[in-house]
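In the part that follows, the structures are each spelled out as structure tokens.
Common to both upcoming complexes is chain A, partnered first by chain B, then by chain C.
On to the complex of A and B.
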């Protein structure tokens, strides 16, 4: 491996392992008036935060790198893990660098977590971001435009700097470029997964949660070029799509385990918030209108969002076809309502299309992967040996 | 023999309102069972944020899957239904109301009266206060060949109904819900009829509030949780906006007035409570699979629930909301947004703290149910906040809605008894 690539990977790994958000603190330290706004996984309009001169920071839980001491006292045993580690990080001062926190409408857990935040940290800016479930421009669109205007006002108050239309357009362009670069990496991975192993790609994309988007775009581009220049040989692995991972993130060890068990991940729903919009947001005209329209027309499909036409699972079948995958791994966090309630519908869609699948659950701090390795290995063998998919 | 305790059954005289409610429910299920013959259209929808008056104005019959699930729980059928759904691939981790409903559907969709429920002509998905509702009807959509009307009700994270939130709901009613009801029924929307129904709702709501607030008296003539779930039945389900609903609440109120005047306590599974020893506020839904046993764990100790949050999932009438016929769609929007589980945690804490003071409660208890993240997430923080704010001690128990595997009677009884002993001890110390 080239020194540059090794250094890049070392850097993104360090960013991933750092649950103290040092990169955010360092960014803030460079200017007295710099502020950062955190957000839970899935979609928030980061362009608005960026245009207001603040750093959007994705808060994806503490993973397996954080011992939960106080967080468990706030949640019953039957609730998923991400709110525990997020509360733990907040109570231990790790999120002090964040001047505000956004909770998008992922599920009832994240929604109620926004209320817990209000109760625990009454002096901090907190907002629940209720994305529309109605996709008519005059109805859901009108609602979303007003929510975006409200957010923009809030951010102006928080940063002391009102974003004008030009600043918003610039931020839209910055994030368009970031999404395009991530999209290009996913595309390249789909063609040559052995060049961009999921365990590397994940860290590279994830770094965008704590870095300024301009810097992250460069980092993704560098990784794609550096990895392509490596002499990595094609491997005889099964091509799989991984779903269910859009909120609480699997431990890195789990991604490595899937690869070691013979699975090449060619598509996934990891880190969806960074890839939510599937097309560019218009860089001309009214930027709020552009963001609202992009949400209505170019949102990816996921369990947390209503799909008026039905056809749950059509996107998954399409992803399998597009990426020439041989099977699907349902990999959902324990007690994740959206992923687990969605799963039977997706299974039906796969069954109708004759696509093999397997399923298991994890928590962000799962440390034992033997059973998963065995199951994924068996799945990989079975689809290579017996499937005609 | 009592199916729950094995004890010989004891005849508890039924009050007029109980018989009336029984007749109303039986009539409703009869109407549903005969819908295929009568041609009446059937709409499946949810309790929180239900649009009963609007549906009634189109002559459709509502089916509420949560009510079917809790009825299945009370009739000891939910365990089998849940197993059926899990066999079909539904996770053990998710809402048991959903699995109970899916299991019931797979086993013939026989309703609580033993008659099959008709298939829906419309799935009216009121997405109010519960994310799972959305997935639930997406799952049902796969089973039925019928349209879905989605009403997204914005969450009241800061406890305020903003103008653009109200406008959003009204616009959805106008552009999505009403057109779909018109399409399914072939009837035109009749605003005057809706207004007339809303007027009846407000009359019944006045009486319901009077009944619930009668628990401010010491001793209380009602149990506002175990009894309360019966009192809210007609209001939260199919009878808002009807003369039957008005008559029921008038009858109920007269009975409670009589009970109050006579200084009589609430009715329990074992007859009238003779001595009110503890006044409690309760947060969270009840367990339905062992409902009477659960109730007895309180009533046998003389513990009366004087206010509860669960009886507000279908509307916070006691905080002043009334359906307002002068602004028919706006009032429906406000109703949907104001349901208890659509409120942010700070509002929920405020409400319960107010209840503790207003109802002069000795304590409060949280029944945390595994199935319902909408209720349960944050309850441990609520417990601390309420104790700090009111100085009143809280208790915490865990069970489930309709999964019998998650009702551990001995543990729950033990916790309740210990909690009440602690209250007693505290009382002794204070004296």
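On to the complex of A and C.
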């Protein structure tokens, strides 16, 4: 491995392992008036935060790098793990660098977490971002425009700097470029998954949650070029799509386990918020209108967004076809209502299309992968050795 | 890579105590043939180094060069096999290796250093069902190795000593720790080494027969694979336990049984090479 690639991977690994958000603290230390706004997984309009001169920071839980001491007291045992570790990080001062926090509408647990935030941190900006579930321009579109304008006003108050239209257009362009670069990396991975292993790609994309978007775009571009220049020989692995990982992230060890078990991940819903919009947002005209229209017309499809029956299954089948995948791995966090409730419908869609699949659950701090390795290994072998039999 | 439809493939089985390597010739219309087999004990050495050193040696023993290898496959803890093209799960490779070594086999008992696994397979070596021992080490090769060390006998002597036992001594079949305590007590009571080893084998065999019964094995031919397959004392105890349990199965071992995983990986590698070559040829035909 080249020194440059090794250094890049070492950096993104360090960013991943740092639950103290040192990179955000360092960014803020460069200017007395700098502020950062955190957000939970899935979609928030980061362009508005950026245009207001603040740093959007993705808060994806503490993973397997944080011992939960106080967080368990806030949630019942049948609730997923990400809110526990998020509360733990907040109560231990790890999120003190964040001047505000957004909670997008993923599920009831995250909505309740936003309420806890208000009670625990009454002096900090908190907002539950209720994204539209109705995709009609007159209904969901009008609602979302109002929400975006309200957010923009809030951010002006928080940062002391009102974003004008030009600033918004510049931020839209910055995030368009970031999404295009991530999209190019995903496409390259789909063609040559052995060049861009999921365990590396994941860390590179994830770094965008704590870095300014301009810097992250350069980082993704560098990784794609450096990895392509490596002498990584083609491997005969099963091409799989991983589904269910859009909110609570799996431990890195799980991604490594899938690869070691003979699977090549060619598409996934990890870190979905960074790839939420499937096309560019218009960089001309009214930027709020452009962002609202993009949400209505270019949102990807996932369990936390209402879809008429059948569309989500069709989306998954289309991903399998487009990426020439040979199977699907349903890999959902334990107690994740959105991911687990949609699974039977997706399974039906796959069965109708004759696409093999398997399923297991994880928590962000899962440490034992023997059973998953066995399941993924037998699944991979069954695809490669018996699917044509 | 492929001359006259004849493939040369390599399988590397990375176990917890040894790396087993196999080189196989796969003609298009004749039986597959073993060219070389090799075992390298890990003995606390750097695992990647053991693998990288074993590869050229086994190729040399087979009389071939690395660029003649059509497909190198790993199995077991194979992520450190940098030269691999594919990886297959251990159960899949042991099943394939078992059918290669004993074509009548419809059940396989893979006894490795850390676990034992019984599989029911079909004639194509497809795994139809399986059961494993739990995390307890009392059914494993590592346990037997520990006992042999306490008794001051080499692993190679264990089988013949066990077969010469006259009055086997019963040991715990539940827990490795208790069983080891049993062994220490037996030594202090002056029980003959052969009788202790036979008792250990009977205890292990009892567990394995339960595994085979659990997968529905009845009157099948069963092949023992994995590191303990060379232990004749264990095979004898298995036959006795099966007979005692009223199971009509025929227990087999094979001189190359410990290479079943590596052989299976090499053979599946050849299969995949042909599948991929067929797909590539189809794409080329459709494009022209």
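Simple rule for what comes next: the second predicted complex is superposed on the first by the 384 of 389 C-alpha atoms of A that agree within 3 Å, B and C clash if a C-alpha of one lies under 4 Å from a C-alpha of the other, contacts with A are read in each partner's own complex, and residues count from 1 in each chain.
Keep in mind that, in the parts below, contacts are C-beta pairs under 8 Å (C-beta built on N, C-alpha and C of every residue); 3 or more make two chains touch, one makes a residue touch a chain.
The model shown is predicted, which means the values in this text are computed figures rather than measured ones.
When the shared chain is aligned, chain B comes close enough to touch A:303, but chain C does not. Within the superposed three-chain model, A:118 lies in touch with chain B and out of touch with chain C [touch as defined at top]. Legend: residue contacts after superposition of the two complexes on their common chain; A:338 is shown touching chain B, with no touch to chain C. In the superposed model, A:3 makes contact with neither chain B nor chain C.
Of the two partner chains, neither chain B nor chain C is touched by A:368.
Residue contacts after overlaying the shared chain place A:384 against chain C, while chain B stays out of touching range.
Touch criterion met: A:260 reaches chain C, while chain B stays clear of it.
For chain A in complex with chain C, the touching residues are 233-237, 259-262, 374, 377-378, 380-381, 384-386, 388-389.
Within the complex, the chain B residues that touch chain A are 88-91, 93-95, 98, 127, 130-132, 134-136, 138-139, 141-142, 148, 150, 152, 154-155, 157-158, 164-165, 167-168, 171-172, 175-176, 344-346, 348-349, 368, 370, 373-374, 376-381, 385, 398. Of all the residues in chain A, the ones that touch chain B in their complex are 73-76, 78-79, 83, 105, 107-109, 111-116, 118-120, 127-128, 130, 132-134, 136, 138-140, 142-143, 146-147, 303-304, 306-308, 310, 312, 334-338, 340-345, 347-348, 361.
Residue ranges of chain C in contact with chain A, taken from their complex: 71, 78-79, 84-92, 124, 126-127, 268, 271-272, 275-276.
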